[in-house]
Amino acid sequence: MKIKVLATGGTFDKIYYDAKSDFHIGDPMSGSIFEEANVTFDYEVESILKKDSIDINDEDRAIIRQKVEQDSHEKIIITHGTDTMVKTAMQLMDIKGKTIVITGSMQPARMRISDSSYNMGVATTAVQLLPAGVYLAMNGLILDPRTTVKNVTLSRFEEVS
Amino acid sequence: MKIKVLATGGTFDKIYYDAKSDFHIGDPMSGSIFEEANVTFDYEVESILKKDSIDINDEDRAIIRQKVEQDSHEKIIITHGTDTMVKTAMQLMDIKGKTIVITGSMQPARMRISDSSYNMGVATTAVQLLPAGVYLAMNGLILDPRTTVKNVTLSRFEEVS
Amino acid sequence: MKIKVLATGGTFDKIYYDAKSDFHIGDPMSGSIFEEANVTFDYEVESILKKDSIDINDEDRAIIRQKVEQDSHEKIIITHGTDTMVKTAMQLMDIKGKTIVITGSMQPARMRISDSSYNMGVATTAVQLLPAGVYLAMNGLILDPRTTVKNVTLSRFEEVS
Amino acid sequence: MKIKVLATGGTFDKIYYDAKSDFHIGDPMSGSIFEEANVTFDYEVESILKKDSIDINDEDRAIIRQKVEQDSHEKIIITHGTDTMVKTAMQLMDIKGKTIVITGSMQPARMRISDSSYNMGVATTAVQLLPAGVYLAMNGLILDPRTTVKNVTLSRFEEVS
């Protein structure tokens, strides 16, 4: 069993960049989270995009889809900004034979207080236990992209009927 | 859906106690991990024991078992020291109708570098997704207590055949 | 002996704001740094401005100067963004009878890796030990504003002759 | 100007050691604190002892004294456990021509919440600004060893008359 992580950027991987008093997307944090958690499963992290999800366009989504389809692994986690996470998930729905879990975080992994390690715990467990399909892992829940929206005001994901 | 956490102590909840230049078991950290992770599921944390698992005796295990049996919730997480985590799990194996996930950590949740948040992400996901039974959540894996041992030298859990 | 901290914003106090996927200025962190450090001196923190120092204008500097002059305490620390820290310091140079130490940080105090606690240790010590005057506390040094520049490329302060 | 740090152990450098469910003394943390703080002064860290200060005996103190005397630098910081920090300081009082600052922490530098970075900021500033002599840097204050005691109940240092 091997888990492949495709990093696309988003809050999860942000660093604070003093020269511009601003943030930008740094290298993927998934690997250091796995080391800190002493995971013993086999994994591989690949950075395929470094963008805020608000800036991810149709072309980017085509690249993400292509990467997932061409990847030889069956268990795939995508780290992604939260703003358009649902949209990206929807474009992957019809991929067969792979368990795809999309996660991210509300606070960067490099902050003292962050939901990133916990969310990665959720995502790696979901990808191991669930059958083929596309899932979101946020706020401690496994969510169906077709019935999930981000509540921007409350900074959380919610199921809609 | 509500998750009940029974805290028994262990490394997970340790604080550093200056007056004795030593550690002892502090209040359960599960609640603050859940807050930091912005979980939206319903949960309740109860401290039932504050012990290193090396000091947990048969009487303590009887109390843990009783607490699990009498608890009204079906989804139960037990935070527990790693040294005798397997032994406690084995004593709960025949409890019916509940999904019981036992987790802990190799580094206290109050350390800068810790596996605690990630492990709680694994445990809360496993308890939601898995059928009734008793499971260990360590090192990013869901393990069967009957075939798992702690490798003390490598500080990790391993499956034996 | 009492230390007064005037917070003006800058990197030091930044929080990550998910709704805009951006950092902005949060409440002053000096107080929580002091609590974490178990300081036993008397202190008071007042937020007088919440700005990136690149956005601090002449009017803001007039306010800062007025606050310092009118403050009843002799030992004053100003937390300030690093980009125009020197400029603000220069406008305070002729204030008599007060020890004024200006500090900030290259990484927000809310990051896991930050120079903020250390810098506050430097600033509070300098303000206790030094005679009346205006000083910068950055990179572990006490610097004279008249001969100091920020090296933006290397993200550090340097003395020029 | 170069600062020499002599590390003797104590809470400051403690790590949590899972195999014994215990804390013990790890490698000195001063260097990583300096890196995190982007200090630009020259420094050197030397580990001369790895002990809880409660276990430091007369022989150890003779070694510490010898190290300080033989060291070529004038500015020396000693990281030390808090329990017998005052006693060690007293044995160095008559060393001439060196500024010696002894610091430590109530919480290990490897904890999420710790006074270690701040205390090192205080110590490095005191060692730069103060004349030859022996000083304690704790709780945000520069203290005279001859009139200072550790209040174990309140976990802080206090001046006595």
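Per-chain numbering from 1; labels A, B, C and D assigned in written order.
Throughout what follows, contacts are C-beta pairs under 8 Å (C-beta built on N, C-alpha and C of every residue); 3 or more make two chains touch, one makes a residue touch a chain.
All values reported here derive from a predicted model rather than from experimental measurement.
Common neighbours of chain B and chain D: there are none.
Chain B and chain C, compared by their mean Cα positions, are separated by 43 Å.
Chain A and chain C have Cα centroids lying 37 Å from one another. Rounded to whole angstrom units, the spacing between the C-alpha centres of chain A and chain B is 26.
Looking at chain C, residues 106, 112-113, 155 sit in touch with two or more other chains. Applying the touch criterion to all chain pairs gives A-B, A-C, B-D, C-D. Listing the residues of chain D that touch chain C in their complex gives 33-34, 36-41, 106, 113-115, 117-126, 128-130, 137, 139-142, 155-158. Those residues of chain B whose C-beta lies close enough to touch chain D in the complex are 11, 14, 16, 18-19, 21-23, 52, 54, 81-83, 106-108, 110-113, 152-153, 155.
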